[in-house]
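Take a look at these structures.
After this come two complexes, each holding chain A, first together with chain B and then together with chain C.
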Partner chain A sequence: MTAFSPRHGRYLAASTLALAVALGATQPVAAETFRWATTSDPNTLDPHAASSAPVLGFLNNVYEGLVRRNQSMAVEPSLAVRWEALGDEGWRFHLREGVTFHNGADFTADDVLFSYERASGETSDVRSWFATVTDVQVVDDYTIDFLTSAPNPIFPGSIANFMIMDRDWSEENGAETPATDEERYTTLNANGTAAFQLVERSPGVRTVLTPFDGWWGDVEHNITEAIYTPIQSDATMLAALIAGDVDFINPVPIQNVERLQNTDGMNVIVGEEARVMMLGFPHEADALTYDGSPNPFTDVRVRQAVYHAINVDAINQTIMRGAVEPVSQLVTPDMRGYSEGLSARLDYDPDAARALLAEAGYADGFTFSLMCPNDRYINDAAVCQAVVGMLAQVGITVDLVTMPVANYWPELRADNFDMYLLGWSPGTFDAEHPIRFLVSTPNEERRLGSWNFGGFSNARVDELLPQVQSEVDEGVRQGMLDEITGIMQDEVAYVPLYSQPILWGVRDGVSVSPRSDNFFILRWVSVE
Partner chain B sequence: MIAFVLRRVFQSIIVLLIVGLIAFLMFRYVGDPIESLLGQERTFEDIANLRERLGLNDPFIVQYFNFLLGAVQGQFGISYRAGVPVSQLIAERLPATLELAFVSGLFALIGGVALGVYTALRRKGVIATTIMTASLIGVSLPTFLIGIALIWVFAVELQWLPSNGRGEVVAIGGWTTGFLTSSGRASLILPAITLGLFQMTLIMRLVRSEMLEVLRTDYIKFARARGLSARAVNFGHALKNTLIPVITITGLQLGSIVAFAIITETVFQWPGVGLMFINAINFVDIPVMATYLMLIAVFFVLVNLIVDLLYFAVDPRLRVERPSSK
Partner chain C sequence: MSETSVEETKPAAVIDPKDAPSLWTRIKRSDVWYSFTRSPVAIVAAIIVTIIVLASVFAPLISPQNPFNPAELNLMDGFSAPMEPNQFTGNVYWLGTDDQGRDIFSTILYGSRISLFVGVSAVLLAMVIGIVLGLVAGYRGGWADTIIMRIADVQLTFPSILIALLVFGIVRGLVPPDVRNDVAVWVLIVSIALSDWVQYARTVRGATLVERNKEYVQAARVIGVKPFTIMMRHVLPNVMGPVLVIATIGLALAIIAEATLSFLGVGMPKTTPSLGTLINTGQDFLFSGEWWILFFPAVALLALALSVNLLGDWLRDALNPKLR
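After this line comes the complex of A and B, so read on.
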């Protein structure tokens, strides 16, 4: 079991990475075809038509943004070589010269302007990244300004997945706008600037990439061809890895991790994902949906009791095989804005839970219904089942309702829950992100709290959020984030549970580097 | 004969319309496609816009009518998930499913008839009883379990056959075939056995019991008494007379082979319409689901029609016009 702690996994990942870099630097290993499989095929190759992880993760190998993230999620130059704040008015990006697209066209500021217009248009699924952008101005061929309505210190990091397309290529192929409900050339074709170019695309069957000879960066990988196959069934994917049909799979089903580690020639890479799992409460509801009785969760003592009653370590050991990290906030320690001083969770203490319930007038407990998806997160239904058992021990009876995720969100949106399970991966890798979506009082007009199903509302949080968004001073900003996190913890807005693990399966001789957004970056792969 | 066919075609259209109606009634319970179409940072405005563009605000009967209107013009809409026309998606995926269904159907029919005859003739033999017992396993084990077991034995342990996919395919016009490459043929074996095993055991048991029944009849005794060779009696007379129910069942099973290919295709990542349908359900891809269900309905209806016509060919009694049949 010790061999499979996340800590060890991170060490393992770091060492394979070091190996990869060392090999790449000294003697290029004999180049290879690399085959990999994941459970979900990117449903489009258009970088502005979907903001889902399978799409953005895959396209990061083909397209590039102005900035990118390194293995530890820090922002680094990509198509922009440097950038600076224009006082309070926005950001200036100085672009890399001599970059070409896969079709040979030169990359200039005009392509960035085009990509901005395309990505912020009505049919784009990534337009929220530009919510604060008022205008984009081309200064010269290699300089471009993004003007914002207010100072936005995290703007460069928040557009790391904003991928740049070639204006001429897009226009020639009638793909000036992204689309989900119409045919687009860009759904099946791609023309980026990144280290790999698309050679073959057969949706749901196979996608082939080859290295782009004209790429501007230093090549660290030794792949000559990369073939991607989606394999939907976990068991089949595992079999494909062991049978040698693929070199890499994501994810390894958690119940098979130990087994794969004990298989000759196979390895499991464990990392910590940015996705934090939590339980949400109905803060606003008057009555429980279960039986219409008064909503006990409006009392903070009841929420604390639930927190005390849940044994995250037990969930980790029995359901997650020791692979997850318990969390105390809505972001993991790797994220920007994490509150170091607030890293303690409420103790697992059933007696304290019972005492709090008694104090709140529920000495005899109560009954409510817990909503849970069964195909969205790792072992989601099993985790909820465990929560049911733990709450039963402090006298709360839970009626568990599980369903596929396609039905789950509409139910939550319709306020059809007394408690629910939610996982959140902050797209900006900043603590502001979950506050904006999960903690801020829901406000359609200002686009706040769109995933705050329980309607948690705190005036001080709402007051601090705009300040956090525009505060340039790192220390002051962190102070405000700490205050918000403190309020969330005191109020038990959510019960943060754990962060999901990244579980990658590789055959021996393949080195890869996991990143906490679970993106698979081909240029960090080396194959023996 | 023509009147018969026309009558059946008319009935078939009614069946199709009802299938479509039920399908569209059900889609409301599959989930909301908006949730899978838009990312986590979407706004309420985005949701409302897309809902309007996709026509999801219309009552289901209007959505159904619009679908039918497009369908009669050959337009089945754009897949929400893949962003390409559904007709194109299905045209790409159908060859894989049909080839798999064809091979496993052939496997089931040949294997089933051969084993059925054998076990009927050697009723008390050790091999025959072993086959009969083993066939129980084929009937009772779920498809995905058989598939996974075959993968582990033949792909992982023995490494004889590929674990998933269709191998290299060759495009001939709009059709892609795996028959022409060695990897394509190797890839077919495991899924074809998985898909056909149940049907094979079914056909085998059917042939066996029919054979046993026929072998007891007087005309077989007479044939034997006449001194006909065992082969002529068994195959020329006995087997031929068992074929009517076998044809019915095989025909109906061919429909279910295509329909149940969903599970086999998922286990083997076989890029056919079944896998496409599973993806569509997960994504709440309404145009794809609707078209697939209609396609399967058309397929069942066609198979039934062909089975009825085959009766005419096989059973001379049906060709005699009887006044009472009016």
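After this line comes the complex of A and C, so read on.
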């Protein structure tokens, strides 16, 4: 295929396709190279080392879980063909037979056990997924039990991104455990069971995937090679799409949606993303990292003042061009467990903010540093700049520090922030997910609060969370979720800002399927 | 030649300070001034540079807004088109506003301030480093010359922007995050200076090699003047001509280097934008029709860099005896 230029390849593909249709072939026909770009390169290829959408979204094309989600986010079989509840004690998964990893090794229950041990271990970033799991037992080569401390009705759906790795391959390459802060063999290499295999990986430059011939599923795509390029600058990425250098970009810069819609041969796919953007506080820290002065954010009045000072509608109308939805909770109204009665945000009210600051003893304001990524979320740095301006108007001076996401997570993990911007998309589509990751008191042992960087802690929330997880009655469960959401709002655990849209740009002739977690699934792509 | 005769001839060469013409008269009588008055390009360039320098020095008095003070910005003023009332607030800005509601005109004034400050400081620093190392290399020769000039040669094989990026990266890594924004200007100056000193060093060394074998230097050496004094008082004034030419052209390059670094996102932070930072911001809005965010700062940068460059070109020609 390399002998053809892409253009020739396209003609060739078109004519082969016509021929295939004429002959009545039902199998999709090999088409050509598919090229796509996003703003943030996955910072690792280790499926257990980062619970972030760029990593998990990308790796969903290479690795597979026991279950997976379809276009409408419904759970469907993947490496497990079926599963059943073991009464109140957990779940039994019956695994697919005849599945091989990209290196040719067979997939068995032992690989699932290994992956569980790896993903639930101390150095894993995704161990919160297994917060309720007490034990995993291999029944036979193709049957495995996940035992839970209490009934967990949503468990299968909550491990859709739990990707299965080959035990032998991982052990041979010294990658028995994931590492969030150092490099492993698995940081740059991958060996999954999914429809695509990794053939080339240059971090920040180019990653190449090709279809895996031995894949167990029905092939729906018609790609022969997929090349991923991260392009940090929005404008450059858009230019690359218009120039035909890439077939797909995510996201389309919000200010260019209209422009792209009016461009011949280009389409914008607009969708609702489940991602909620929020500002996080240092609840636990004694002192500000900015100048070592006492941490004002431990006072709830200061947190309320920050909330009152931020004009989300102005951000929406200018920077976001009206494309985002202000939110009051850590989930959007579409999510399961959303608290209908708590949908009001605190008003934008600079006077109230100043009064609260004065009451808290900060009438003259204070200075702190705000950490922001500049290549992760839609217009993230611009939003943070706007926050700086809005806080300045109530007398708080902000030192803004922006950086690429690859440096951002380590800084947050090292508690190097006074306030930070975070976006959260619940993988389970359920309000319990952000509570487990962002609100629950951080607890290594119980694998809770792993993304609760600020260390928010509330005894009542910690008490309610296990009950939410095991409650089968929807009404009772919702009541508990409402109580937790109420606590989060009263305590201003976070300042929820808005939910951002999915904005995908594709050229004509490329068909893609957006999913509301904004994961880009290659096996749903077809190219004309 | 005896020592006494040297002392006797010396006073004759010195003009009595009282009779000495004033600086202004000396400038007006000089060849350089003559050449200046006959070069329309140089005059126009000088006027533009003067306007920009004055405008940026007096920016706080002229500009309607302090774009570096976030409390003065109103987000709702964002994306105002030039001379058109904003759709939400109705405010009118001459050259429009950026995405944060920063007045572009004010930001250009404040941004040119940073550009000029960084440019001039970087050139001065590069000049000092280059002159000192060049003098030492040229005058001392031997191993000092070898070491200094080999370092210079190696550095010349890298593009200067790469050196600047490298220095910037290292320094940023050493500086604690809370003061990074405050020291951004100084880091820029150091990184640009360290990427530019080679030019000065090579020129000064070349000129010094010529001068050090001339009779006046040998004479000074014979009467026991210390090498440092010879270098600073006798050799340096005679190699300053070409250094000034390089410095003028180097100023334009330093301004562009600052803009480049800021454009690449490693220079001035977005909250205190220089011209390069503004152009970087504007780039994101080129496709969506907000052309003014990029256009006006780019024109200002072009005018500044081009004028300084033209002045440098003219100075080089004026100081070159072969072209007279």
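Assume the second predicted complex is superposed on the first by the 288 of 528 C-alpha atoms of A that agree within 3 Å, B and C clash if a C-alpha of one lies under 4 Å from a C-alpha of the other, contacts with A are read in each partner's own complex, and residues count from 1 in each chain.
To be clear about the criterion, contacts are C-beta pairs under 8 Å (C-beta built on N, C-alpha and C of every residue); 3 or more make two chains touch, one makes a residue touch a chain.
All of these numbers come straight from a predicted model, not from anything done at the bench.
**Student:** In the superposed arrangement, which partner chain does A:S233 touch: chain B (first), chain C (second), both, or neither?
**Tutor:** both
**Student:** Considering only touches as defined above, state whether A:Q385 meets chain B (first), chain C (second), both or neither.
**Tutor:** Touch partner of A:Q385: chain C, not chain B.
**Student:** Between chain B and chain C, whom does A:N416 touch in the aligned arrangement: first, second, both, or neither?
**Tutor:** second
**Student:** Between chain B (first) and chain C (second), which does A:T187 come into contact with in this model arrangement: first, second, both, or neither?
**Tutor:** A:T187: touches chain B, not chain C.
**Student:** Is A:Q393 contacted by the first partner chain B, the second partner chain C, both or neither?
**Tutor:** second
**Student:** Examine A:Q255 and indicate which partner it touches, taking first as chain B and second as chain C; both and neither are also allowed.
**Tutor:** A:Q255: touches chain C, not chain B.
**Student:** Identify the partner contact of A:N407: answer first if only chain B is touched, second if only chain C is, both if each is, neither if none is.
**Tutor:** Touch status of A:N407: first partner only.
**Student:** When both complexes are superposed, which of chain B and chain C contacts more residues belonging to chain A?
**Tutor:** Chain A has more residues touched by B than by the other partner.
**Student:** Could you tell me which stretches of chain A are touched by chain B in one complex and by chain C in the other?
**Tutor:** In chain A, positions 233, 235, 239 sit in both the chain B and chain C interfaces.
**Student:** Which residues of chain C touch chain A in their complex?
**Tutor:** Touching chain A from chain C are residues 69-71, 73-76, 78-79, 88, 99-101, 177-178, 180-181, 265, 269-271, 283-290.
**Student:** Considering only the defined contacts, which chain A positions touch chain B in the complex?
**Tutor:** Those in contact with chain B are residues 43-44, 46, 49-52, 122, 125-129, 179-184, 187-188, 202-206, 229-233, 235-236, 239-240, 242-245, 375, 404-410, 424-425, 427, 437, 444, 447, 450-451.
**Student:** Taking the touch rule as given, give the residues of chain A at its contact with chain C in the complex, in rising order.
**Tutor:** 233-235, 238-239, 253, 255-256, 258-259, 289-291, 311, 314-315, 317-319, 369, 374, 381-382, 385-386, 388-393, 398-402, 411, 416
**Student:** Using the touch rule from the top, collect the residues of chain B that touch chain A in their complex.
**Tutor:** Where chain B meets chain A, its residues are 29-32, 35-46, 49-50, 53-54, 78, 80-85, 144, 148, 151-152, 155-156, 159, 162-166, 266-269, 271, 275-276, 278-279, 281-284.
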